[in-house]
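Next come two complexes built around chain A: one with chain B, the other with chain C.
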Partner chain A sequence: MFELGLQAIYSGVLTGGYYALVALGLALVFGTMRVINLAHGELVLLAAYVAYSAEVHLAISPIAAIPLSLVVVSLVAVLVYVLLSHITRDRELNSLILTYGLGIVLTNLMLLIWSADIRSTTATWFQEGAVLGDTLYSSRSEVIFFLVSLVLVAGLWFWLTRSWHGRAVRAVSSNRDAAMLMGVNPRTTEVLSFLVAGLLATFAGIALYTGKTIDPPLGHALTIKAFIITVLAGMGSIPGVLLGAMLIGITEALTISFVSTSLQDLAGMVLFLAVLLLRPQGLFGFGTRRG
Partner chain B sequence: MQHPALEVREVQAGYGPINVLWDVSAAARAGTTTTILGPNGAGKTTLLRAIMGLVKVRSGAIEIDGQPRTGNATWDMVRDGVILVPEGRLIFRDMTVEDNLLMGAYPARSRPRAASNLDDVYQLLPRLKERRRQLAGSLSGGEAQMVAIGRGLMEEPQIFLIDEPSLGLAPVVVDEIFAILRKQKELGRTIVLVEQNTHMALSLADHVYLMQSGRIILSRTAGEIDINHLHDLYFARETAT
Partner chain C sequence: MLRLENITVGFGGLTALANVTLEVGARELVGLVGPNGAGKTTLFNVISGLARPKAGTASFNSVNLLRKPVQARARIGIARTFQIPQPLHELTVRQNLIVAQTFGAGHRNARRIDEILDFIGLKRKAEENAADGLALSEHKALEVGKALATEPKLILLDEVLAGLETAGKRQFMQTLKRMHQEAGLAIIIIEHDIETILALCQRAVVLDFGKVIADQTPEEIFRNPAVMRSYTGATPGA
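Up next, the complex of A and B:
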């Protein structure tokens, strides 16, 4: 019983790492530009599909496909930004509508290119078991990408707090006019945010490809997951994304072990709603909306 | 004769269909303090924002050291050393005091000296050093104004535009702020100061402009100013000749 619980928590933490990776790009763009990119899940899935094609046509491993996925996802991310930048009014609402439509376009493009067949990597090395201390089981992919997730969360946090461009991204988010008076070109900063989000989405996509199976509808599901975790974390909080993701992951894993597999998503949603009822601003969100 | 550090000539500018500045011409000589006075709505803030490229200039010219800079983007003006401490401070409320000051060093030319400039600003404004890790949004009005000025100083201004620094501050705090500005004047900075507090502004000014309804109605060196005449014009008890 206890071991079952411990295993569930361990699995949940690892899954949380993966979820954080999926959510991070969305959280960054949401926190800095107040734009909810509903096509984010499709970017993650696109990275996975590029890795699939690379494996099939170029016979390279998913890890070696990362640079290729990065290029493709970055191009699409910039395209999304260019389209978004034409919105002149009601940016928050209109960007929701625009990116939702873009998500549908991307999903159907992936359906056209790769068909609805379920794909998975032939590098089964990733799905083989890894054991921690003789008792805790997971796949190799889960462990590797959990660590990758930690590195990227820490890296993003350092970039935002310590680097010139990261600070500029935060400044534009805080007060756009004032940032311009500091010599910041807001357009450049926003493109940069999208590129970083694309980078994060790429790693999430490779994690997805090595750990699970992929098919076109997954993009939408990923966006929803990312959005829930972003809101749960509290707007603009990077550490919150990791914590929120792990809470969801653990809740799901415990539900699978002790209740029922089919209720895992429901359990995650219930946790989400419960947190929001108690703390509407999210786990680490600021109390009031700044002007 | 040398070009003025900053000059605007017959500038018309405004917001959308509304024109605010009508044929505004003014100049600031290097190393001097130029003060722009006037009641609310006179266009003083619009003039500074137009210089910084935040408000669209419809006609007229803006020049730095005789070089045309009309229509430049805000970040290009900053790169040329024209720095604005805006009305209302516009500090980054959800960033720390130190992060606010460091944002001042963002222009590429200032970055190499960011650390030493930060030390200088903390020496000048010790209260900021005490509160360096505090969120800027939690500061008092006077402290926020110090952050705004400190942030401007981090940008190593060639031309320092300051918009209504005394707004909303208690008299004791206003004295502190003006002491800081006086120090900058003594260091030889080229300052353009917009103020409603005429007493303070005149004590610093080398040259005075008075604006009303989007026009310059008076231009005098500080020594020539008759304060009563100024107040008559200010409150439109008489029209300018």
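Up next, the complex of A and C:
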């Protein structure tokens, strides 16, 4: 019983790392632009499909496909931004409709290009077991991308809080008018946010492709997961995303181990609702934020 | 230096500014007065780029302002403060100034930041978070500091003295005077308090219902019956 619990928590933590990768880009764009990119999950999935094509046609490993995925996903991310930048009124609400629609378009494009078949990597190395201390089991992909996730969370946090470009990004998110009056070009910082979100989505996509199976409708599910984690974390909190993602991961894993696999998603949702009821600003959010 | 001609701004059916023409030279200190809703802040918004006029022209050192976005105007030397302080939350007081310097002035100079901190009296609070830990007067000082850090030629002050107690007000006015004299800035200041305008400015412009109704010395302004009527709703001595 104890070992089962420990294994569940270990798996949950690793899954949380992957969830964090999926959610970071959405949290970043929300935190800096007050825009919820409902096509973010599709960007993650797109990165996975590019890796799949690279594997099939170029015979390269999913890791080697990262630069290619990065280019494709960044281009699409910038395209999303260009379309968003044409919204002049009520950007917070209208961007929901725009990005939701873009998500549908992307899903169908992927359906056209890669068909509805379920795909997975042929590089079985990633799915082989990695055993920690003789008792805790996981796949190599999970461990690798858990570590990647930690590095990217730390890197993102460092970029936002310590670099001047990151500070400009936060300046625009904190107060767009005031930042402009200080000479900051909000468009530059916003494009930058989208490019970084594209980078994060790429890594999430490679983690997805090496660890799980993919099919076109998955993008939508990823977006929802990312959104839940972003809200759970407290909108815009980067370390909160990692902890919120782990909380969801652990809750799901414990539910799978001790209750039933079919209740996995329900458990995550219940946790989410409980947090919304008890702490509407999210686990690490501020009481109020000024826009 | 700043030249506005026939600036007209409307929000829906409401005309906020009607044919406002105004010229401000280098090193001038101009008071902008008028009752609430007269269009004073809207005029600042037009100059800084936050509001777009329906008609009229605006130039700054012969550069057409209306074609430039807000951040570009900040970089050519127009700075402003807000009536309600708008610090960058999550950053410290010093970081607020450095962001303004890095992007507004286009270079980094740590000594200049220290001078500004000294000047606005926030040296001791430099490492405090700008969102909390500052009193109102300190928030107002930070507004001025951020504006100064962009190395402006013209600075627009929107009721920086409002809400301060008398001692704080007097101290702040000294800071403004020094700023004007030492840094050689042109300043336009929105202020309700007649004595402040009399003490600070060489020239006062009165806005009422979006129109310039007087442009004289402060002494003349406050003897002008039309001004006093719009300002207080009564004629002097009545």
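General observations
Please note the rule applied: the second predicted complex is superposed on the first by the 289 of 291 C-alpha atoms of A that agree within 3 Å, B and C clash if a C-alpha of one lies under 4 Å from a C-alpha of the other, contacts with A are read in each partner's own complex, and residues count from 1 in each chain.
Here is the rule we use: contacts are C-beta pairs under 8 Å (C-beta built on N, C-alpha and C of every residue); 3 or more make two chains touch, one makes a residue touch a chain.
Being a predicted model, the structure only gives us computed values, none of them experimental.
For the composite obtained by superposing both complexes on chain A, the positions of chain B and chain C are in clash.
By the touch criterion stated above, A:178 is placed in contact with chain B and with chain C alike.
By the document's definition of touching, neither partner reaches A:89: not chain B, not chain C.
Contacts of A:164 after superposition on the shared chain: both chain B and chain C are touched.
When both complexes are aligned on chain A by C-alpha atoms, chain A residues 164, 167-168, 170-171, 174-175, 177-185, 290 touch chain B in the first and chain C in the second.
Chain C meets chain A in the complex at residues 48-50, 69-71, 74-75, 79-80, 82, 86-91, 95, 98-100, 102-106, 146-147, 149-150.
Contact residues of chain B toward chain A in the complex are 52, 54, 73-75, 78-79, 83-84, 86, 90-95, 99, 102-104, 106-108, 111, 137, 151, 155. Residues 164, 167-168, 170-171, 174-175, 177-186, 289-290 of chain A are the ones that touch chain C when the two sit in their complex.
Here chain A touches chain B in the complex through residues 164, 167-168, 170-171, 174-175, 177-185, 286, 290, going by the rule given at the top.
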